[in-house]
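Input: structures, listed below.
You will see subunit A twice below: alongside subunit B first, and alongside subunit C after that.
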Partner chain A sequence: MSGTGVTELPGARERAAPGPVLHKGIGPAPSGWLDPRGRSLGGRAFALNRVTGLALVLYLYLHLGVLSILLFGASAWDDLLGVATSTAFLGLDVVLLFGLLFHGLNGIRVGLVGSGVAPDRQRVLFWAGAAVGGVVLAYGAFHVFGAG
Partner chain B sequence: MSVLEIRPRPERARGYGTRSARVWWWTVGTGIALLVLVTVHMVAHHFVVDEAGGLRTYDQVLDYVGNPLILAIEALLLLTVTIHAMLGVRSVLLDFDWGPRARRLVDAGLWLLGVLTVLYGYVLLAVLAWRA
Partner chain C sequence: MDAMDAQQVTADTRRFRIFRYKRGDEGGKHFDEFVVPVGPRTTLLEALLWIQLHRDRSLALRHSCLHASCGTCGLLANGREALACVTPVSDLGDEITVEPLANIPVLTDLVSDMGAFYARLPDRHPFLRASEFLPDADSPEGLSEYVRFEDCLECGLCLSACPVASTSRDYVGPGALTAAHRLLEDRRGADEQALLDWAAGPNGAWRCHAAYECTEVCPAGADPAGRIMAIRGELLRRRNGSER
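Moving on, here comes the complex of A and B:
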């Protein structure tokens, strides 16, 4: 190292270059945050957190659109319920529940790690969330289809 | 012996008062509130109604929204989820590093979208509550 005159951190130029952020979590992801190859558990959880988050934003607007049918009265709403209680749509309810559970439980993990409350408990928090989420999702799916 | 020169941290990047830090704490704060509000919303809409799929009929929806406490909870949920959603979309968009002008456009666009979303939801809620 002596006499080499190192003046910048390794990879500083690559990080300073404009473009998509390529380094989230541990491990490289040359094709961006969505690419799961070579990522740590935290990096993959980060990517899935974003995917579920974006899907939930789309669902927010879909939900507002569907609820707008209420403005057209009881018969329009009853027509919608006929479709919304079909097996295929109830299956989408379970997918929605998965998205909510993953995003919410992973959000708790991110909040606890990022705020410094439990910075070195990433993995155990992830698997604890997965266990809780799995149980709630199974109960929710059973209830949704059972009620149908 | 050479010394690895590390660029000093910019003054604005310290502490919790920076814009990105405030955005992060808003995201966490609204996220914590949503854990409660979404749970209440999901249970109230899908786990207590004795109908197919746990979905309310038209009259049941009006009865539900006609309760002032429920109306307040739903209004708070919409506000909170919209803030959380806009901040989340912002973080995804700003990862593209489009430069300061684009950042301002993203911020302005998301503010507008968020305000319109909340306003539309509140009009919807108000109409349904009025019908109840």
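Moving on, here comes the complex of A and C:
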């Protein structure tokens, strides 16, 4: 080939270019962990753990923002409490409690599995956490709406 | 679409949605649909080869041994990692979506660049050797419960299934960590400390989030997640000064 002056085959550069890294189908790359197709309990727990984690971070800033309403005086705060004790808002409190319970209990499960305390008990620990979380969530929801 | 593709999917046919991509054509990623005649024992690989032979010669896929020994034909079937050669079409429903493995660069169509998978393995990764049970030796009690990393096919299904690998390209992944644990188990000539230092790195064993998807999809039962947890245990033992 050297005698002809041809240094590379047609299309060689295109073939040498790195291909895309797929994350379960055609879509934005970071969506792979959220794709539920074909996933088992651990994968779905990972996805929900991430969603609840991100939501809790968002809630933290939202909470700080809401508290700043105190700067506008007692009447403004009373108006907010009027909204915060509505049934719809109390429902969001239960959703928040669910997020806290899931993220916390799943974190304990991952810690126990990942630190070698119970490396082969991840499923049992998940359902044990689900049982504990379910009871606490029901108890919490009863009190949230009872207080309303 | 020919006359057969235009027919309704019947009990003896399945509709396939096949991911298509040709290198250099980034905007050309799409799915092609094919209706394929199947029998009760048709495997996914046979169906794909039928498409290649009768419908589209340009469909690229990899396969070799046809009996789950080589790990070459790994792909996603309805989003789930599978070896096409041993996956019955009858298990996959009437419409089957086939994609290349996730978290590994795609070369073309269903062909993944496995070089990117092998590059994650520890530097001193040895060739996997055959099992060494002597024919006249007594099998240890409980042998059926042994898991030998020689079983690993290096198919990449574990990396594709790993949700952490979906969030970080730097994570070495379950396959590489399993290879490291294999070396630590064997202990013949392996630089244990170097391996453990590698595994303890910021993109090593501690990145795992214990989803166990790797173990769920492993076609050889090599239990990658269990291996990662074993590496963590060894790291903790050494940190606490209780080296075994």
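Rule of thumb we're sticking to: the second predicted complex is superposed on the first by the 117 of 148 C-alpha atoms of A that agree within 3 Å, B and C clash if a C-alpha of one lies under 4 Å from a C-alpha of the other, contacts with A are read in each partner's own complex, and residues count from 1 in each chain.
In this text, a contact is a pair of C-beta atoms (placed from the backbone, for glycine too) under 8 Å apart; a residue touches a chain by one contact, two chains touch by 3 or more.
A quick note: this is a predicted structure, and the numbers were derived from the prediction, not measured.
*Asks:* Where does A:51 make contact in the superposed view: on subunit B (first), on subunit C (second), on both, or on neither?
*Replies:* In the superposition, A:51 touches no partner, neither subunit B nor subunit C.
*Asks:* Examine A:114 and indicate which partner it touches, taking first as subunit B and second as subunit C; both and neither are also allowed.
*Replies:* In the superposition, A:114 contacts both subunit B and subunit C.
*Asks:* Where does A:43 make contact in the superposed view: on subunit B (first), on subunit C (second), on both, or on neither?
*Replies:* After superposing on A, A:43 lies in contact with subunit C but is clear of subunit B.
*Asks:* Could you say whether A:60 touches subunit B, subunit C, both of them, or neither, answering first, second, both or neither?
*Replies:* The answer is first: A:60 touches subunit B but not subunit C.
*Asks:* Regarding the shared-chain residue A:33, is it in contact with subunit B (first), subunit C (second), both, or neither?
*Replies:* Touch status of A:33: both partners.
*Asks:* Report for A:137: first if it touches subunit B alone, second if subunit C alone, otherwise both or neither.
*Replies:* neither
*Asks:* Of the two partners subunit B and subunit C, which one touches more residues belonging to subunit A?
*Replies:* B
*Asks:* For A:90 in the superposed arrangement: first (subunit B), second (subunit C), both or neither?
*Replies:* A:90: touches subunit B, not subunit C.
*Asks:* Who does A:122 touch here: subunit B (first), subunit C (second), both, or neither?
*Replies:* A:122: touches subunit C, not subunit B.
*Asks:* Which residues of subunit A are in contact with subunit B in one complex and with subunit C in the other?
*Replies:* On subunit A, the residues that contact subunit B in one structure and subunit C in the other are 18-21, 33, 114-115.
*Asks:* Across the complex, what residues on subunit A touch subunit B?
*Replies:* 1-9, 18-21, 33, 50, 53-54, 56-57, 60-61, 64, 67-68, 70-71, 73-74, 77-78, 81, 84-85, 89-90, 93, 97, 100, 104, 107-108, 111, 114-115, 140, 143-144, 147-148
*Asks:* Looking at the complex, which residues from subunit A come into contact with subunit C?
*Replies:* Where subunit A meets subunit C, its residues are 11, 14-15, 17-26, 30, 32-33, 35, 37-40, 42-43, 45-47, 49, 109-110, 113-116, 119-120, 122.
*Asks:* Contact residues on subunit C for subunit A in the complex?
*Replies:* Per the stated touch rule, the residues are 19, 21, 23-24, 26, 29-30, 76, 78-81, 99-108, 113, 161, 163-164, 166-167, 169, 208-213, 216, 226, 229-230, 232-233, 236.
*Asks:* Taking the complex as given, what residues does subunit B use to touch subunit A?
*Replies:* Residues 1-2, 4-7, 24, 28, 31-32, 34-35, 38, 42, 46-47, 50-55, 57-59, 61, 81-82, 85, 88-89, 92, 95-97, 99, 117, 120-121, 124, 127-128 of subunit B touch subunit A in their complex.
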